Amino acid sequence: MVVQRVRRPTLDEMDLPIGKKTRLHRILYEHGPGHGLALILPIDQGIEHGPVDFFANPDSADPEFQLRLCVEGGYSAVAFHYGLAAKHLRPYAGTVPLILKINGKTNIPSDAQPFSGLTGFVEDAVRLGADAIGYTLYVGSPRQDEDMRQLAEVRRSCDAFGMPLIVWSYPRGEAIDRKGGRDSLYAVDYAARLACEMGADVVKLNVPELDAKAAAAPKPYSTLTLGYREAVEKVVKSAGRTLVLFSGGSKMGDADLLEKARHCMEAGAVGLIFGRNLWQRAMPDALRITAEIKRIMLGTA
Amino acid sequence: MVVQRVRRPTLDEMDLPIGKKTRLHRILYEHGPGHGLALILPIDQGIEHGPVDFFANPDSADPEFQLRLCVEGGYSAVAFHYGLAAKHLRPYAGTVPLILKINGKTNIPSDAQPFSGLTGFVEDAVRLGADAIGYTLYVGSPRQDEDMRQLAEVRRSCDAFGMPLIVWSYPRGEAIDRKGGRDSLYAVDYAARLACEMGADVVKLNVPELDAKAAAAPKPYSTLTLGYREAVEKVVKSAGRTLVLFSGGSKMGDADLLEKARHCMEAGAVGLIFGRNLWQRAMPDALRITAEIKRIMLGTA
Amino acid sequence: MVVQRVRRPTLDEMDLPIGKKTRLHRILYEHGPGHGLALILPIDQGIEHGPVDFFANPDSADPEFQLRLCVEGGYSAVAFHYGLAAKHLRPYAGTVPLILKINGKTNIPSDAQPFSGLTGFVEDAVRLGADAIGYTLYVGSPRQDEDMRQLAEVRRSCDAFGMPLIVWSYPRGEAIDRKGGRDSLYAVDYAARLACEMGADVVKLNVPELDAKAAAAPKPYSTLTLGYREAVEKVVKSAGRTLVLFSGGSKMGDADLLEKARHCMEAGAVGLIFGRNLWQRAMPDALRITAEIKRIMLGTA
Amino acid sequence: MVVQRVRRPTLDEMDLPIGKKTRLHRILYEHGPGHGLALILPIDQGIEHGPVDFFANPDSADPEFQLRLCVEGGYSAVAFHYGLAAKHLRPYAGTVPLILKINGKTNIPSDAQPFSGLTGFVEDAVRLGADAIGYTLYVGSPRQDEDMRQLAEVRRSCDAFGMPLIVWSYPRGEAIDRKGGRDSLYAVDYAARLACEMGADVVKLNVPELDAKAAAAPKPYSTLTLGYREAVEKVVKSAGRTLVLFSGGSKMGDADLLEKARHCMEAGAVGLIFGRNLWQRAMPDALRITAEIKRIMLGTA
Amino acid sequence: MVVQRVRRPTLDEMDLPIGKKTRLHRILYEHGPGHGLALILPIDQGIEHGPVDFFANPDSADPEFQLRLCVEGGYSAVAFHYGLAAKHLRPYAGTVPLILKINGKTNIPSDAQPFSGLTGFVEDAVRLGADAIGYTLYVGSPRQDEDMRQLAEVRRSCDAFGMPLIVWSYPRGEAIDRKGGRDSLYAVDYAARLACEMGADVVKLNVPELDAKAAAAPKPYSTLTLGYREAVEKVVKSAGRTLVLFSGGSKMGDADLLEKARHCMEAGAVGLIFGRNLWQRAMPDALRITAEIKRIMLGTA
């Protein structure tokens, strides 16, 4: 098992209602790497970025690619918006757990005051047999009041149906750009805590970056000199009893990717939600790197 | 049958609920060219452009013209807003399938931040015996959050009633104008994917244009050198398991129109939704060109 | 009977549900000039302009004046907002049909982006025994999405209760001011069609004006050289199976007014909705001109 | 009895439903001066202006002061927001009729586009045994569409519960400031009519002021040369079958106040709603001036 | 017992419904210092400020710290948003009363027009066995209409469930910044009154500051020369029958803190809601200062 310096909360410590525990158990113990860990394949880039992300591996434009990768690579769950789930999931029902992403936006207009409208509803997820909801919260957006209200309503529905809530907690917008940027430790740390306070069961975070822009963050963040590992541990701790998934971001080299996976897991993440870094490859290569990541997750690398 | 390089998804592959399959079957197999193809006559220009579109053929201002054209020319369906449907459809009920368009706007004010408010409801379509809903989504509009939310609610109602959902997926607004324009491959390709992800059963697209403005599109679109045919195939592929209808746009010469029809069908479109190019003609001419288009669609030309 | 060059749609052609047909029958056949025609007295200027319109005839500030004029002059209906209807109509119930106007605004703030909020509800009209709803749609306003949505909801309620819907279809706002102005043929023609498409049973239009500003209208309107009569016929045709009422606008001389009435009726209007031109006179004069207008309407002048 | 040149509408002429008549009867006949007149004590200044209004008489910060004044002075009703009513009214229940004010705002931010959000609901008023609702409408505000819609919904609830509706009809905002100002005859006259058309049973108005700014009002108001009395009568007439209460405004000398009271009553007001002019005094003085005002109202001065 | 110059309202004087009285009784008599007093520990800074507030005492990032402090120090209640309550409270249920904070915002974007969206619902509080709701009202914000409406709806739900309502009544936004600042006596005094009028059972206020900026406040506040004690008494009086809690604000020295506590209690506050000043210390120190504060509250210091 990976050395885990920040201990992950157990499902019992999270004090989950029966339905949430049942569904998270499927993701964490019955599929993917198991042992309480999650390796999740997201395919919501078609909304967030458009088909541009599929050029690197044209096969990836067809969600069958990702579903086969999920099955053959042994993933914990796939994340889809409603349209893909409704059209592609039936043959994989029961085999690949579904995380239904229920809000999103294109990246065509300005991102100064971001807010993602709903693309689906918690009831859709229940009907589709999903095991979790995905919701994007733009932390620090000038439209945060609408976003937090919408999330609170989604959370309430999740409670009503025993549906786990995974928050994509993303610092975004003109304000955070002026305070150190979206990937600063300040921003990601705030995002981790906010998702926890809003009632997320799981939070998806980016790994904080330690760059020049971060000097514009509020004190004491502006003067912190944490290393990469400490920064990751910091945000995991700030998520408290909310399980942490780290995202992969845009494509990087294999060594860097595996190193990132190792750092994240050692820092106490419950898992990884890597998209482009996995499906922007041909199937054999995707399966190979998947296996390597899982070995790191399980401490058998 | 037309050479079809991109295979169309079958109704079974689309995994439709019974009501949607029943209704789409009427459009695709029981009316118009049949054989799983659709030739649809839209008359929503009275809202989108005003009566200006009827000058070329004054008879076309009276929807009876289009309804007669549907009957005599053998169309798969007519697309109306509520008012025209309620006042004109009864004598044609059962003969001409109805696609109820349920949102729209005039083109009088600025189109910088477009959003089409509702003009009708899915329940209206059910009551009127319609076989599909038409909804206009302005892809990339700064008001996309409202639009996507509204569409998600329409989609949910469509699910509840087994009503097929056809999305007019139109890149529009100040942001897309700065990123290559509304008809660029980048824009149309994104629109195809977004409609699919939002749960559209059918998407209406414009044929992408390959012009100078497209150089402002994001990479790699800005440097792509696809031919006309490849570009059309690209967007059909991006629509995935959503059937594609191509629109005709403003009036063009017969040869160009037929060539366009051929390209679209060969590229895997399920059909054509041509308005002005068909009803901006006197009836005999409209019937003649309709017959020619159907021959192309059926591969008997 | 007046020479009518554009034939009016009959109630049967309009394919009305029973409740709508019953109520419109009262307005068109059982009151006022009858014979399928309507002469309607509107008193919503107290909201739209304030008491300023009552200075010309101070008696007119008391709605009793208009109600007596309706009874003695033999009008088809009176148009009131909720307050006047609730306070003044009981003694006239059954004698003067009510059109309940359910939205409006003052003219105090800027008219650049007009939108009229609701002042009442369709259910109010049902309870008050009204025979129609009046709704003001600002065609081409930058807030058209809110307006069309609100109208669609009103239309739905009208359908639910069999209540006829009369749309005051008014081009307004900064955009139409730049495209030929609110009274241009382009603007009024668009307004006629839009009301029809939105499901209006009756539309109230202004007579289009042929002035210099109209050159700013889109082609081909900018170069049309229709005469007064043709212009009126054009907009009646554009309203399709929606009955047309023409408004009177601000006060004019008797000869002009009667000429206007004649033109409108000959052009196929179903009637007239003249306010200030009728009640900005002492009672005897108002009754006299009413009688003359009715003679023109009935072709007995 | 006061000479009353403009006759007040009777409750029967107002054609009130039973519940409204019952409740208004309590205010007009069973409490205060009676005889169909109303002397109302408002204490909503704590929201509209803050505690600043209580400096002149520190005892007035405790609503017990106003309630005792109501009892000892014999007022028709007290006007409270929800908080004061819920906390102070029980010992006075049945003795002091309640007008529940259900919207309001602070005067801290700009008043350019005013709109008062709800502070309570008609159902609250029913539960608290109130005899009327108070609602502030900002006539001519750029946000009038929201205000009129909100008022229409309140009015509908009032109808449902037989609850009288008193509209504080206040011209406000940047637009009216440019057209003669909030207290011009033009503005107040419009406010009187608008409240009536919206379905108010009673309207609270300010006495119009005849000052230099009024020259900016629309014609013919800009050139009217009405005296004080005629101006007051004008707005009472414009309120039609809506009963008129005049407000007192900021504190003035006793002679002016009594003169104002006399003018208002003679002009046909149903009563007075004076706040600061009454409770910004020690109790004995407040009782003395109350008695004088009542004598004027009853014509026994 | 502390000398209390402004008498606190009793629960009976507040005329509470049974459910509210029952729940407030738990906070005021059954936990914490008792005797009708409240010492409350808030941990909503994770939303309002982010994890930055936990640097001074890293243990405080885990709500277990605050919960243990509540138990060992003997607090009246803890204030949490939904996420922390759902994940941490079960072992403390029945031991530490919960105040569920149901709205909030980050401090990342501009605070010029603040408004806090909902993070939870009154029904959540009922289900979690909470004894009160916490709601932040931004007094004087340009968005006050939305805030007051939202609060009115929350208040209505509180009434429906017998749930006490504690309003964090905070002057904020560009307008109050121009009128003396958020902590001026003018601002806090207004905030006290507004919360009372809106129906708060308890109001959380900041101690007013007497600084140079206050000269920009409206008269007579701009010229008042109240001492610290009188200023605190003033705002307690302005809250009327709403119980007052004073907040601690950012961390200060022990002597100042205790002096502040003494002043607040002597001025009639029902208690203190100190966060950073208490949990930004190691546990032994936090327990020590808690004990000292309680002695001051109980008059045994």
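Letters A, B, C, D and E name the chains as they come in the text, with residue numbers starting at 1 for each one.
Keep this in mind: contacts are C-beta pairs under 8 Å (C-beta built on N, C-alpha and C of every residue); 3 or more make two chains touch, one makes a residue touch a chain.
Note that the structure is a prediction, hence the values are computed from the model and not measured.
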Shortest contact path, chain B to chain E, counted in steps: 2
Matching the CA atoms of chain A with those of chain C requires turning by an angle in degrees, to the nearest 5, of 145
Using mean CA coordinates as chain centres, what's the chain B-chain D distance in Å? 57
Find the geometric centre of each of chain D and chain E from their Cα atoms only, then give the gap between the two centres in Å, rounded to an integer. 35
Multi-partner residues of chain C (each touching 2 or more other chains): none
Could you classify the connectivity of these chains, where an edge means two chains touch, as line, ring, star, complete or other? ring
Counting contacts the way the document defines them, list the chains around the ring, chain A then chain B and the rest. A, B, C, D, E
Contact residues on chain D for chain E in the complex? 44, 46-47, 50-52, 55, 61-63, 81-84, 86-88, 90, 104-106, 108-110, 115-121, 124
Considering the complex alone, what residue numbers of chain E touch chain D? 14-15, 139-142, 144-149, 152, 155-156, 171, 173-176, 179, 186, 189-190, 192-200, 218-221, 237-238, 240-242
